[in-house]
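Both of the next two complexes hold chain A, though its partner changes from chain B to chain C.
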Partner chain A sequence: MSTDRTGPKHAGPRRGPWSFLSGGTGTVALLLVVVFAVIATQNPSFFEGPPLMSFARMAAPLVLLAVGQYFVIVSGEFDLSVGSLVGAQVVVAARLIDGDEAMTLPVMGLMVAFGLVVGLFNGLVTTVLKVPSIITTLGTMLILFGAVRYWTGGAPTGALSESFRLPGRGGIEGVPYLGQLPYALIIAAVAAAAAVWLMRSPYGRCLMAVGDNDVAAAFSGVRVWRVRTAAFVLSGLMASVAAVLIGGFSGVTAQVGEGLEFTAITAVVLGGVLLGGGRGTVVAAVLGALSLEALFTLFTQLYLPATIQPTVQGLIIIAAVAYASRRGDLRLPERLRRRTGPPTERPLGTSRR
Partner chain B sequence: MNRPSLSPSLLSPRSLHRRLGTTGLVYAALVVILAVSAVLVSARGASLFTTANTVDLLTRSSLLGFLAVGMTLVILCRSLDLSVGYVAALSTVVAATVMAGDPGRMLLGVGSALGVCALVGLANGLVVTKLRVNPFIATLGMGLVVKGYLDTNFQGPAGEIPAAFQTLGYARLGLLPVSTVVMLVLAVAAVWMLARTRLGHHMYAVGGDAEVARLSGVRVATPVVTAHVLCSVLAGVAGLLLAARFGTGNALVYDSGYELEAIAAVVLGGTYLLGGRGGVAGTIAGVLILATLDTVFNVLAVDPFVKDVLRGTIVIAAVALYARGQSSRAAVRVRFPSGGPPPPEAAPDPPGGGGPRDPEPAVGGAR
Partner chain C sequence: MHVPRVLLAGAAGLALVLSACTTDAPDGSADGNGADLTPEEEWFDQEEFDRQLAQRDIEPEGPEDEPWLQAIEPEWVDTSEWESDAPEDATVCFSNASVSNPWRVTGFITMEQQVEELQEAGEIGDFQVSDAADDDNQQISDIQAFVDSGDCDTIIISPSTTATMTPAVETACESGVPVIVFDRGVNTDCAVTFIHPIGGYANGADSAEFLVDNLEPGSRVLALRILPGVDSLEHRWAAAQTIFDDSELDIIGYEFTEGDGAQIKDLVSQHLQRGAVDGVWMDAGDGAVAGLEAFEDAGQDYPVVSGEDELSFMRKWQEEDLTAIAPVYSNFQWRTPVLAASMILRGEEVPQEWVLPQEPVTEDERDELLEVNSGMPSLHYARFGGQDLPGFPEAWEDR
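Presenting the complex of A and B:
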């Protein structure tokens, strides 16, 4: 799973073939390999088909959320509303479907539309009304959280239909070696591939430029507000798809989606994507999501008490990001950005102080 | 904080903003919200300004105030602190277990709680400045570390707060709760520090542009680390207040989402998420606005879920209102000083004003 996604990253940085190791993508790929290696020592059968596929199924929603969050972060903003949005979508879907198979497709359509509307709202408030996105999406988070609980009276009601749960649970049976190829993996892979393609399209270039320096982008003819709004809409879309998978996989509870926004942001940043925008690749974000999920798997396999897991998780993300920023080149765009005179560049890797 | 307007006579649409400055605008908003609330409450046949309601409002504001004042310092340095909720929880537990119900150990308890919090803040600051970890991740990670410690060692209420200390949580001087007085004193101290001391000026300088500050001979790490330590200590004070109210240490305090509420109060107070602009005075107004909303929702017996919806809407709306005023300000940092306004078709809203507005609290710090 990790190897089939490493292809595009060689093409990303325009430097030597091995220089990618010093960037965020290299760091996170290394982390993923290390975590997988430790898992393999604990549980040698992990890399046989079925356990790996069940890992993929669990990781798929986080991959989707990380891809969505990536668009927003690379454009220089935040989306804190995705966790609430996923929770709201699942609860609303359960109440509307209420076990009725015929309602499945219309409700899925409604969820996608709802995600798009929430994304559009976030985007327009952030770009047109100029509210900092951390506040906009924090507000959206509160609004969704409160509105859904008010609507359902505090506890989720209804039930999801079997066909709704299929994408999250089911898969193509009888694949050699793997056993069952989960739909979730296919959906996540398609989304990641589409995101890679999108970032190479003119839109993706604009998004990156806006995140790096929105004034310069505006001077170059980019419609900054449109590009950023679209990033929020994409995030909303990804959250909707993730909600279908999460709802199918783990069912309906009041806690669905809680804290997912921070997990998604952590995954993206773990991939070396710069908060503040303009730097980082989709592949790195996907690898970050996989690493984080692999870490959670490892914790379970090591029988770590659930209560100590946050501590380990916190230490690892700090260490990984610290390691990535030691390489020096992550800081480069910011330095360039702030320089007003001719760029007298300091050699890479030298300390800033 | 009260930035004097540069061309007071020009243009009218934003003249109110120009005359008042951001802080003035926040206080104007506070007055408007208080007035509207008073009318709403009296329409229900009650009064907003009864003793009980006023004390409730002030008590709420003292807790959030400690957190928000600290958060202001950190945000001014272009950093962020997402660990304050966990630090406050840690403080309640440390204070309660050290005091263990013995009035003679009160000072020891306060000292050890604040000391532990200061250490967490020091760790935050050093990770942000020396390891150059994005503040968002550094403090979120540190929060998770503290959460893991609390979850592992304290499943339920721990320790006991002596009665003498508990009275501090409820004692009042006339209408003013003691906690509010302490909060206001600390806020005034913070205002003084920012306006009068070298440290305060360096905080603004580093938040405005760390590279320029460094070239001007400021040791960039010092103000950032200090701000993080102060922020954590203030979160510790908030934790002490919570402990005094609960009478015991409660690790689950961190579930209340204090960090995001504090950030909301800071931004509501007109401080710029990118650092370098704003101040504590505005933050206090932001805190009072949020506390007023909470109190009014309580008095009107609004459904707790609707409360969340209203709070979210009001925060977005209020910040949008300030942003309207801010976007035209001459004090906006310009990245292309000689470039003139960007081409009009670039965006319907002038990106020249939007440039430094985007919330990337993370990028800067003191790297």
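Presenting the complex of A and C:
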């Protein structure tokens, strides 16, 4: 009858050949492998260097946005402003640069500064003014969207310089097998590695603690508002870098950045990062971004009718997250769950004895 | 209950692979989905298709160098009942669907400039504008507000959608003031005049015919579309399907892009990975340059391409000397409604259905149009038709 007697093999965390996949990373890694496998059946040449590199170049901005979103989500908040921020940055950059090479670096600097300021604004409004982040960043999203519309009159003007476009479009030529190693891939890899390092640092542990239980974190001496604000600033920074890559990849269009915030949140959730904070890894968020991008690629490879794609995407995401929670990726760790176990185990039996 | 995870994963994988197999081979085409070339009935009207294709070759009536005043086969209607003794005091009201894309922005600037010219000439008075930001309900109440205020001597409407806006337009008509509808239509002919260029079928046919004429039989063509379900865009695709169906071209598929450069570039790159693409058909020019860059980055020759008279595309066309055509959805139509309003206030006849010419930009005209628009931003439309207005060119350059 009692659940803790079912056998010693369920008592502790599983240790087996698959143990590295625990903690939310497993499902999304599996999904990525499955999607890649199906792509390979459709297009065997996908895994030759150049197509894979072009996939990486396309996925890099989403990886950056997912990493930025990860910081915010794991601290228990949302950042809905990143799509608008990317759009605003690209449009503003095009207008300021207007084809002038000399303006490239100053404008890139300005973009980073702007991203940091927007992040700081989001963070402070959320933490100091106590506005729920979903409202704060929804507001920022609308403010930026409207401001850009107003400033450009609905039609972006100007042009990006060739050197501005280099990070998103260019790469290191002549790499054996791969052909060209995209700068975007290098930038995304560096950002992801830095994020992993950051999450292992004291700051990262505070961030996780704040997302798990901000009251407890505050009692143990964490300055919650500072930690959360920094997460928003990081998200703004990542969005700025993503904007450089996206602008570089495809230039300026009126639609640039639209809907990216939800793609980024989807990527993070797909990675098994718990909405509400406190659980999930950077690596899982990155894998989530790659899986989502791979899904988009797969849809194209399958010539899936474009109209049905969002439906299939939605089904796969729900299935993946449901599967992850079934197998326990999203449940509390064993040591935390066991604590509530004993009192509820034999309440009736003991009173009758 | 404990389902082994391997089973679940296996089932998921199997589902993906199976769905792959089922979508892989529809009607026996070995390569891709070989896009279906029978237009959907909902979006295809053979009679209208034939009419629009014929209209392209009809010489329009009207002043030769002012296409915005030309009309194809007009049926003139009398407007003397609305003749005004003091047109300089007459209020013209305009209910705009939105200025949510560069095409509408360009057009609206042209309209404002035209209004200024007419106001200075004393041909119209006050010009009131409401913008519904693509919201049907907003536009219905905008029109109602115009009617209720009683200030309007003419109401111009650019409907956001067809069916929903029909009753609102009827309300405006019933108020007794002359109503002018332009761009998208409504299901009523109560308006004094309905102004529009030839239409989507002609637009899609122009580009499809160009590809058929400039590509070898058997060439592979990719179609890039912005959105499903928008009538003007669906008509373009339906016309292209009809023309491609009669050709020897191999249409490898179509994709929806939302006009987003990043998506277009990604989609085109993926198609290029799996085989040559010789031609690209687009239902509108948004993001055409990003699509062409995918060819550059893949180290492949440029395709034969149809874009739009958007300057970013036309400049690329000139720079790279592409084999291209720019079909047009005449932007200068934004001038016509205010001109029509001034004609009605003078009691002059106007065409009941005012069909404006819609001539694609070909290589012969390209350089000249780029010269005229040399200072304009890249998302400006070459056939905006405002060169002779007083604000040219600053009004369009500084937007």
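Just so we're on the same page, the second predicted complex is superposed on the first by the 308 of 353 C-alpha atoms of A that agree within 3 Å, B and C clash if a C-alpha of one lies under 4 Å from a C-alpha of the other, contacts with A are read in each partner's own complex, and residues count from 1 in each chain.
One rule holds in what follows: contacts are C-beta pairs under 8 Å (C-beta built on N, C-alpha and C of every residue); 3 or more make two chains touch, one makes a residue touch a chain.
None of these values were measured; they are calculated from a predicted model.
Enquirer: Using the superposition on chain A described above, determine whether A:Gly158 touches chain B (first), chain C (second), both, or neither.
Expert: Second partner only.
Enquirer: If you stack the two complexes on chain A, which partner ends up touching A:Ile246: first (chain B), second (chain C), both, or neither?
Expert: second
Enquirer: Which partner does A:Val38 reach: the first (chain B), the second (chain C), both, or neither?
Expert: Touch status of A:Val38: second partner only.
Enquirer: Which partner does A:Thr307 reach: the first (chain B), the second (chain C), both, or neither?
Expert: The answer is both, since A:Thr307 touches chain B and chain C.
Enquirer: Check whether A:Val131 is in contact with chain B, with chain C, with both or with neither, and answer first, second, both or neither.
Expert: first
Enquirer: Classify the contacts of A:Ala147 with the two partner chains as first (chain B alone), second (chain C alone), both, or neither.
Expert: After superposing on A, A:Ala147 lies in contact with chain B but is clear of chain C.
Enquirer: After superposing on the shared chain, does chain C or chain B touch more chain A residues?
Expert: Chain A has more residues touched by B than by the other partner.
Enquirer: Could you say whether A:Val224 touches chain B, chain C, both of them, or neither, answering first, second, both or neither?
Expert: first
Enquirer: Quick one: is A:Asp214 in contact with chain B, with chain C, with both, or with neither? Answer first, second, both or neither.
Expert: first
Enquirer: With the touch criterion stated at the top, can you tell me which chain A residues are shared between the chain B interface and the chain C interface?
Expert: Residues common to the chain A contacts of chain C and of chain B are 154, 305-307, 326, listed in rising order.
Enquirer: Can you check the complex and tell me which residues of chain B touch chain A?
Expert: Listed in rising order, the residues of chain B that touch chain A are 127, 131-134, 136-138, 140-145, 147-149, 151-152, 209, 211-212, 214, 220-221, 260, 263-264, 267, 273, 303-313, 315-316, 319-320, 323-324, 326-327, 335-337, 339, 342-343, 345-349, 351-355, 357-364, 367.
Enquirer: Which residues of chain C touch chain A in the complex?
Expert: Those residues of chain C that touch chain A are 3, 5, 8-9, 12-13, 16-17, 19-20, 23-24, 32-33, 99-102, 104-106, 109, 228, 253-256, 258-262, 264-267, 269-271, 273-274, 286-287, 289-290, 293, 297-298, 377-380, 399.
Enquirer: Can you name the residues of chain A that touch chain B in the complex?
Expert: Of all residues in chain A, those touching chain B are 76-78, 80, 125, 127-136, 138-143, 145-147, 149-150, 154, 213-216, 218-219, 221-226, 262, 265-266, 269, 274-277, 305-315, 317-318, 321-322, 325-326, 331, 334-335, 337-340, 352-353.
Enquirer: Under the stated contact criterion, what part of chain A meets chain C in this complex?
Expert: So the residues of chain A touching chain C come out as 30, 34-35, 37-38, 41-43, 45-46, 50-51, 54, 58, 61, 152-159, 169, 246, 249-256, 258, 296-297, 300-307, 319, 323, 326-327.
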